[in-house]
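Presented below are the structures under discussion, each in the form of structure tokens.
Two complexes, one shared chain (chain A), two partners (chain B, chain C).
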Partner chain A sequence: MSDRKTKSGAQKLIDFLATPEIFFYTAIWMIVLLVFGTIDQKYVGLYMAQHKYFSSWFVWVIFPGGRLAMTVMFVNLFCKLVFKSPLRWNRFGTLVTHSGMLLLLLGGFFTAYFSKEGRMVIPEGQTSSYFDDFHILEIAVIDKSPADHDAVIAFSNEYIEEGAVISDSDFPFTITLESYHRNVDLGPIEGEAASHLRGAAKRFQLVEQELKLEHETNMAGMLISIKGLDGDEDGTYLVFQHMRVPQVVTAGGKEYVIELRNKRYQLPFAVELIDFVQKVYPGTNTPSHYSSLVNVVSGDFKREVLISMNEPLRNLDYTFYQFSFFEETSDEGTVLQVVQNAGRNYPYISSCIMALGLFLHLIIQVPKLIVRSQRKKEVSA
Partner chain B sequence: MKLRNTALFAIVSVILSLFIACSKEPSVQKYKVSKTTVPQADVMASAGAGSDAVTDTGLPFTWVTPSNWVEGKASSMRFASYDIPLSNGETGDFSLVQLGGGAGGTMANINRWRGQIGLGPAEPEELAQVAHLHNTVQGQQYLHITLINPNNPSSAIAAGIFEQPGFVLFAKLTATAAGLEEARLDFEAFCNSIAFKNL
Partner chain C sequence: MKTFLLSFIICLGALAAHGESYESPVKAGDLAALVVQDQGRLKPLDTYARSQLLLYRSKPTINGQSAIDWLLELWLFPEQAYERKVFRMLDEKDAIIGLGIGFNRKDPYYSFRTLSEAINERMESLRQLSEKDPEARTRAETQTLVVYRKVMQYLALSRAWTALEADITISNSALADAIGLEAGKAYTYREFMESREALAAELQALQGRQAGDNINEKESAMVDLVQVLQVKMADQSADILQVLKPEGDQDEGLWASVWGIMDGRVFSDWEASRIEELEAIYAAFKNDPFADVSGLVEAANASLTTGVRYNAELFYNKSNLFLISTLLYTFSFLLLLLSYMFNSKWVSVGSLACLVVGLLIHMGGIMMRVYIMARPPVGTLYESIIFVSAFLVLVAVVIEFIRRDTLGLILGSVAGIILNYIGSRYALDGDTNQMLVAVLNTKFWLLTHVQTISIGYSIALLAGLAAHAYLFVRVTKPDDREQQLSIFKVSYGVALVAVFFTTFGTILGGIWGDQSWGRFWGWDPKENGALLIVLWLLAVVHGRLAGRLKELSFSVALALTPITVAVAWFGVNLLQVGLHSYGFDDGTAKKLLWFCIFEVAYAFGLGLFIHFRKKPGKGSAGNKNLNTSPQTS
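So, the complex of A and B:
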């Protein structure tokens, strides 16, 4: 009783944070989220379900989302391990198991915040040194005037909201986002176009569409007003994803391309597609096997690698999986899924540590169990 | 006691710092890329991003419409009509028309289109210069034709002629010469996607 009275606020907080019941109930809550997320995936698609239930701090406004639940689990386990688990040999297995679990959650943190995932499209005989995110967008202003390179200024996804103003010292105009929709279709403008409309906006308007379940197939579009262009080019422009002919504007005598595109990640090396091979089941058009023979180009060094459906290429932190392909009249090429995941090895390492911990716990507890069972026998005899 | 408080303070600080550091702030990235010849936007679209589903209107054939084509005004002649957004606000006009029998013959139609863009009739041997056999994804051959009047680049025509038993299907794109080039891959993708149900 007296001990309880002397506890400081910090101690009380640690005692609370280390309560085993927190982990127990949080784990149950994670199962609830898993069930609802899996069911809802059918209706909102995989990407949105992941965001709504597992990557969010809150779900259904006030309930803890997956991210909050896992943070609580981490803090609880950490406090339990550091402050409430005495270093005794008979607890060694439990300590190791808890450490493995902490490592698993830490890996989840790295994956959530530092992983990148997207696609790399390479026509046969060509080389690419970047990949595009599947979902995250960006606004790119590209100065095409240098003879040997394009100067790219990419504004992150957070800039893409109505009313946002985009400017930079590297280009002499200002862009204001008038409207933005994550999935649009184009519709014709009836009658005469307003005098402030420029480019494709003179003929077309954005028609907002419902989000598709396959999130990457949504086509985002925006209306932007630009001030500071040459001549009478100032006005409202229409820009959307995958524009076959990007919007070009002129300012200060230079041409700039403005794109709304998937976020682009530059790689510290390049990948050249030598040959893409697609095999089909005999007598059908159903593909049975894809593979891409590529060169990994780093400076003057080239390494030839065959990427097939279950044999990805790993280079530095990046993994390249055979994902898809495209065929056109004159072009054929491969589509690779590229993943950079700083937490990639954590699940393997932490699983081994947890397995070791449980094994040690079992070994340590066996003599105790034997003694207990002998005592029971003696009592019953 | 002090050690516990310090450790708790350290934990809270580290966790808060991590979340603050990882919070999504608007960022601007600047970099240079060497001039590329890869038409990335075109390739991305053909690789599945933003592409439309198969259009089936109950006709004996289906097709896949490029995602940036806008449905245009239909008419009794046109099974499908699309406006194609091009640079500087221009619009390409696409039509899908079916005619019975031999539709007057391939040469007659090509010469009619040549007349529409200010060119005179072509000799059969000139056909090889403007017409090439392509294959649809279904494996059907069709004649792909590109007509450009070098003296009048404001009007050019690309066409796909699909000869079927009892009828001929014409896919036709009218635009400026530059517009035709811009929409070339989309047009080819459309033609290649046409699939006849009876096959």
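So, the complex of A and C:
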């Protein structure tokens, strides 16, 4: 007791932050989140549930979300490891395990904040050098006038909100987002179109739809008003994802395409699909194998690689996984999942460390717990 | 107690002997070994027959008759077989009532004849029903379609080999000469088709005749023949049972059924030979339903180039290794009870012997499956159940060898019986040796992640069971602190091992995810299920370390661990979202709920009883200072 009195405020705080009670209660709270977050997936879909329960700081404003719970665990573990782990041989296993766990949570942090993932769609015989984010959207203003390339300026995150204003020195007009919905359908305009409507907005209107459980199948749409265009082009336009005929406007004598699309990441190399193969078990529809034979193209250099289930392609920081495929009357092709993840090595290292630590802990502790019963003589008597 | 045990054993014997026996009019013998292609893999006809019979009857035998004999009887004596009550319709009550057939829960068996007649009367409404949106169908309507499809499949199965039967004869010698066949001799459909050009010429001549013209005997015989062939050709829809290997060295290509190749093609020599081999087998049985066809089947299998392990599979099918191991676990349990009654060392040694032999047979069964499928032991839900069961019993046996106080025996035998029983229910779904979808089709990850997490499941269950035993002992022997403490330590030790395997297995799963589809963790239900077990075990262990959980509350919490395992194992499949789902049935949710209720009632019921019970008297006071902390003991 006297020892406690002499402790400083900081020491008391550290003592508190390192107590196993914090882990105990946080783990129980994580279990509650897990149960609710998993069941809710049936109703709101995996992506939404993940955002609501696990990737959030708070759930329903006041309850701690998964990210907060894991941060608390991290702080608790860190304090325990740094300040409260006596170097005794019989605690060595615990020490190693806790270090591994800390590393795993750190990897989770890097993945949550610094990873990019999306899909790359390549028809057979064609090449692609970008991938699209699964969920994040962007508004792209594309200047088609340069002869050898398209000049693209894209706006995402806070720009995809009602009321956002988009302007840039590279184009002479201003875009204002009048309305935005994450999932829409198109309906015909009844009666005569209002005079300020332009482009597709003259014929169609956006009909808001409920969000689908498979989040990536939602089709976002927005009404934008543009000022600063040539002639009488100023007005309200309609853009939505996967528009077959892109919206083109003219300003300063140049043509610009305005697109609402999945956020696009450029790769420092290209991938060419040579052949996609799907195999099923004979006489069934059960797939046994998918693979994409591709060329990784960097300048004049080509490298042939076979991507198949459980065997991805790794190039620079990027990893390409066999994800899906498409088959249409005219062509077929592959869909690859592309991931750039700064935290991807952490689980590998931490799992080795934790396995070692837990194993050490077991060989130190378990032989002391499971021992020959003292009652044996009594039973056999 | 002794009387109770005795009557329990007698009842078991009576149950085993129960069931009408049926004198089979056929004996398939080595026909069981004929290799066929089904559900994407090559297997002996025996396995195919079993999965077909399971589909209709939910049992791999029918009144003591083996599935392969049942199938042969269906082919040789269809009229007789149609009258047999093969269809078990316990789960299709609404459909049976809807079809106007009386439903009797005690005897829910129906013959093909009864069902097909009821269906024939309602063909139009069934056709409309099949066009209705599946989401809009009522439960009874869905069931009715299930019954309809089963009956149609049964019909197709019964006609699958009719093309092999030499039952077409021409009595008119002029016609026979014209076609190039022998009058009075019975021919198969294939043999007729080989004379298709001469047959077509005769048919054309007949078609040139005007109505009212007199026809001669030859023409009259031709009319009869056409009718016979038309009836025969109606079986062309029986394109079922892939039994003809495609030409070439590849066994893995798409095989054809007997009727599948009777599509008017000119047979290649290869096809003709394969068909002739089957015709020979069929003819032998037609001649004598008890014929020995071993040589003929061997000849038919001779075209296989890769090693199909059908003999091993036949042995596996016949030996019922998992049933034997379950029986041995049951004997082990009964002997253990007897050893408690008589306090006899030798009876408990007998119990251990039964458990060990049962385990060896159990592991033998798993090894046979590994050999047959040439892949690691766990790839499907069924395989995970029998593997978890075996591993749990193995660890229990190890515990028994260390402790020698029957704790391992009771844990191992009880868990072995329950898990093997659950496995046997899943085995009724059909052929348990299934091919794996593309993402699971990887030996490396099946060996690492799937194996580790399955071991994690089994040890987590064992930890929970040990906590059950602890609570039980605290209720039944409140003064025996020494035994209580000893079981408590075991449960704690096993929980630590469970933490190791579940944590490591879960992380390996994440790494597989990273290797396969690019993300370590995606909060998919199956991943969350695994994490649930890990977090639960970690919370329980850390709660104990933090002093939040005392000996009793720790044991109550640990006794609830099987709930987390069951939810992760079976529960997440009920949600049907994510990449891992692999099975769903209606009854699972209900059974899972009952299991959870039982576990909660057991853990909290006993825990509260112990907590509020009148404190033990002085007899145990001397033990109060026993150190209960597993960390420092």
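Following the convention adopted for this analysis, the second predicted complex is superposed on the first by the 341 of 381 C-alpha atoms of A that agree within 3 Å, B and C clash if a C-alpha of one lies under 4 Å from a C-alpha of the other, contacts with A are read in each partner's own complex, and residues count from 1 in each chain.
What we mean here is this: contacts are C-beta pairs under 8 Å (C-beta built on N, C-alpha and C of every residue); 3 or more make two chains touch, one makes a residue touch a chain.
Source: prediction; values computed, not measured.
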item	value
Which of chain B and chain C A:Tyr159 touches, first, second, both or neither	first
Touching partner for A:Arg203 - first (chain B), second (chain C), both, neither	first
Contacts of A:Pro20 with chain B and chain C, given as first, second, both or neither	second
Contacts of A:Lys42 with chain B and chain C, given as first, second, both or neither	second
Chain B versus chain C as contact partner of A:Gly235, first or second or both or neither	neither
Chain B versus chain C as contact partner of A:Gln126, first or second or both or neither	first
Residues of chain B defined as touching chain A within the complex	1, 4-5, 7-8, 11, 15, 18, 22, 24-38, 40-51, 66-68, 70, 72, 83, 85-91, 134, 137, 139, 144, 182-183, 185-186, 188-189, 192
Chain B-facing residues of chain A, complex	8, 10-11, 13-14, 71, 75, 78-79, 82-83, 109, 113, 119, 121-123, 126, 128-130, 132, 146, 148-159, 168, 170, 185-188, 198-204, 216-219, 240-248, 261-262, 266, 285, 324-329, 331, 333, 335
Of chain C, residues touching chain A in the complex	37-41, 242, 252-255, 343, 345, 348, 399, 402-407, 435, 437-439, 441-442, 444-445, 482-483, 486, 489-490, 492-494, 496-497, 499-500, 503-504, 507-508, 510-512, 514-525, 528-529, 531-532, 535-536, 538-539, 542-543, 545-546, 548, 572, 575-578, 630-631, 633
Complex contact set, residues of chain A against chain C	19-21, 23-24, 27-28, 30-31, 34-35, 37-39, 41-42, 45-46, 49-50, 53-54, 104, 107-108, 111, 117, 213, 280-284, 286-290, 309-310, 312, 319, 321, 323, 337-339, 341, 343-344, 347-348, 350-351, 354-355, 358-359, 361-362, 365-366, 368-376, 379-381
